[in-house]
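In this document, chain identifiers A, B, C and D correspond to the written order of the chains, with residue numbering beginning at 1 in each.
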Amino acid sequence: MSIEKLKTQMEKKWAEILKDNQLIKLILDGTKDRRVYALYLAETYHYASHNAKNQALVANKLKTTNSKEINYMKYCLEHALEETGHELMAYHDLKAAGVNVPLSEMPAPLPDTETFVAYLYYISQNGNPARRLGYSFWAESSYAYFGEVMLLAAKNMELSKAMMTFFAEHSDIDVKHAEDVERMVNLMCKTEEDFEDVAEVMNQTLELTARMLDNVAREYQKVLKNESKWNAIFNKYAPSLS
Amino acid sequence: MSIEKLKTQMEKKWAEILKDNQLIKLILDGTKDRRVYALYLAETYHYASHNAKNQALVANKLKTTNSKEINYMKYCLEHALEETGHELMAYHDLKAAGVNVPLSEMPAPLPDTETFVAYLYYISQNGNPARRLGYSFWAESSYAYFGEVMLLAAKNMELSKAMMTFFAEHSDIDVKHAEDVERMVNLMCKTEEDFEDVAEVMNQTLELTARMLDNVAREYQKVLKNESKWNAIFNKYAPSLS
Amino acid sequence: MSIEKLKTQMEKKWAEILKDNQLIKLILDGTKDRRVYALYLAETYHYASHNAKNQALVANKLKTTNSKEINYMKYCLEHALEETGHELMAYHDLKAAGVNVPLSEMPAPLPDTETFVAYLYYISQNGNPARRLGYSFWAESSYAYFGEVMLLAAKNMELSKAMMTFFAEHSDIDVKHAEDVERMVNLMCKTEEDFEDVAEVMNQTLELTARMLDNVAREYQKVLKNESKWNAIFNKYAPSLS
Amino acid sequence: MSIEKLKTQMEKKWAEILKDNQLIKLILDGTKDRRVYALYLAETYHYASHNAKNQALVANKLKTTNSKEINYMKYCLEHALEETGHELMAYHDLKAAGVNVPLSEMPAPLPDTETFVAYLYYISQNGNPARRLGYSFWAESSYAYFGEVMLLAAKNMELSKAMMTFFAEHSDIDVKHAEDVERMVNLMCKTEEDFEDVAEVMNQTLELTARMLDNVAREYQKVLKNESKWNAIFNKYAPSLS
């Protein structure tokens, strides 16, 4: 395998998601309801609050007896450092978009968000330590695929730049990060099996992200039927959106 | 909430799975190919090899300052003890069914099996420690729902009792275990939120199990197209099944 | 090496401890101050509250691909089950001896108790999983060595049986447990290196226990100078002992 | 408490160690045997190989809901990053000093080194997350206390600069690091109890380091009696030192 083949697989997986995902469908159908964005931001807040932590945990698996693993360990810690606190951008955007919920009252993550987070901790601590690069590989370039959908959502829901700082931040730092990840994949993947380990985690984290987005869409249907925990939050902290 | 409402939710979830699941569909459609069973057993072997371990980990979260948590801790360790080594029954059945693969050459778990395992470790170590009861709650009575499908598979694939020891073992010990779990749910769930925590894990572990079964069905499609890692295994260790 | 040589090393280590330990010296010198026993019981409470947990963690390290490791895994979980909640006996004895402190106000463990606990968690999770047997090996027979000192303390401090349930419990169950440990050491130690791993942990956990007892003696000196956190506890909950 | 009082406690503890420690005594007595330095470097290699890892683990305990904990999380990851791979300097020095042992044949850490490492992992994962600062607090300025002893060892054992890169590196970066630690202690310690938590870990990690050095001295006595694992290593890889 190679970086090019990883990219081909990634593009194929994104094409499936863009075609089938329920949240993306909701946006492409032109929803103007900013509560959809709010639900998405809350789950983004939750998974993002674990990214630096599970990234740093990879370091614990590395044997620093050779320069390859030391380089990878430094990459993991540097990357964890850069991601630290980014979840607060998602929370900032939630408040900017009109949902002024205090962190202490934020509803717990949806089951598919927790599943995604669980998988990231697991692959960071078990098996080939290069595997977590499979997540970074697509995450760093996701805005090439997901960006257009986000811009459509922004237009229809009238989202200002101040409500999209998490999105903006992660599309800007993109290029350097994507290069770093590719360099690391090439450093750590010496066998076909290494590449397959990374490819599997790439595909599965994309899949689990898509399921998280589906869960957001299902939760929105519950909100419409007044059956979600979020109804109380919107009523209390975002009366103008309800 | 109550035990009764948990059961109602469980029945609803099982009804969805029995209707939609790709592996169940394959069996209901009358497949005679024992390789379907072999793929299912391999994933059963993988997730079952973690059950005693993640069950025992719950003990680590408990504060033994009151008799309630001490009782729950004893339950977790007793239950872990009873589950220890059960994965070898699944492996035994795999060999009895004609796939004589050594453990050292067993293919790694499918991505949705690893996701299921990851979720079990995560909920065993994070959040309300009562949550793992949500998994045991349905697992101990799953044969009431899944049993008929298994018997149809057995008939069509000509599976003898000696090829189904894992299934038999877990349908026998059923009753006592199911009572133990209900007692523990009632002991540990004092608030509506406790019940909801258990219910969420019950539904999500059923969902993740269903996705694991779907993944088995997809892997079987790959086997038919000669695109699976399992083709080499079947060729080498089960030539009569291919 | 062999069980016999392990016992010889254990006896040598106990002889050193009985000769040099500051807490044992205090008792042999005839102290009548029951606060010495109270301080010892508090640290016993603390380390004992971790014993079942770190014992159960060993299970997580085992590969259940052979009957040897499955047997050991069952032993670990059974032994953890038996130890569950035993710390409450130490707490019971503390109250029976006249220190009626609620658990919520119990002072934190002393540094050498925390070090002992830390080491047990570490060796339960890292390196040869047989190593934790080195702790059980001497712990199950410790009353042969430490018992006489305890009886002298009981006589001088006028401790009734009701104040010594932790001691009594652990001297009674002794024999069966000691046999179980020896059987497991013989099962798990196949090479000289395995025996040395177990011997090292046996010697080091004895050493760390002795340092914990030394720390109790030093804390008692602080109590005498009114410089310990325990002075406030004794004043409030055991005025008759001060 | 305050930074000043922490320093006073640290100076008192160092004074005790400089007076009583067996390894320091050996050096002050003028030993010319470079094997003493080799044994010290090997244990330094072992504990240093865990420093970045246990430092990074602190991040996992932090709740990133306020800027204080985010700052501390960044500090932990930055500090872990800076420490990554430093153990290889100790290994380099070991080879430069004439012990050309491959990493794969390096003897396991001594029991008191493993105890020190165990304690660092434990306090990094349990209790007040500020506690690990107690280790950094003295470690960053240890050369003010230990430096003179090292220079005497260097003189008597004829150690060149190329054999002391670990020592040199850690005395140079001192000043900036010491300032960072003090800033973090002041940020994270808001109550007297916070300061006491940090002070306890400062004192106990100094104590455990001293015990590790004592263990080095005892191991050297074994080398002299030809009873150490290191005798084979010195014979094979450093015949000129024996």
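List of remarks:
Convention: a residue touches a chain if its C-beta (ideal position, glycine included) is under 8 Å from a C-beta of that chain, and two chains touch if they have at least 3 such contacts.
What you are looking at is a predicted structure, and each value in this text was computed from that prediction instead of being measured.
Among the remaining chains, not one touches chain A and also chain D.
Comparing the CA-atom centres of all chains against that of chain C, the greatest distance is found for A. Two copies of one sequence, chain A and chain B, touch each other mainly through matching residues, since over half of the numbers at the interface are common to both. With centres set at the average Cα position, the gap from chain B to chain C is 39 Å. Between the Cα centres of chain B and chain D there is a gap of 47 Å. Chain C and chain D, compared by their mean Cα positions, are separated by 28 Å. For chain A, no residue reaches two or more other chains under the stated contact definition.
Checking each pair of chains for touch leaves A-B, A-D, B-C, C-D. Listing the residues of chain C that touch chain B in their complex gives 49, 52-53, 56-57, 59-60, 64-65, 70, 73-74, 77-78, 80-81, 84-85, 87-88, 103. Residues 111-112, 114-115, 117-119, 121-123, 200, 203-204, 207-208 of chain C are the ones that touch chain D when the two sit in their complex.
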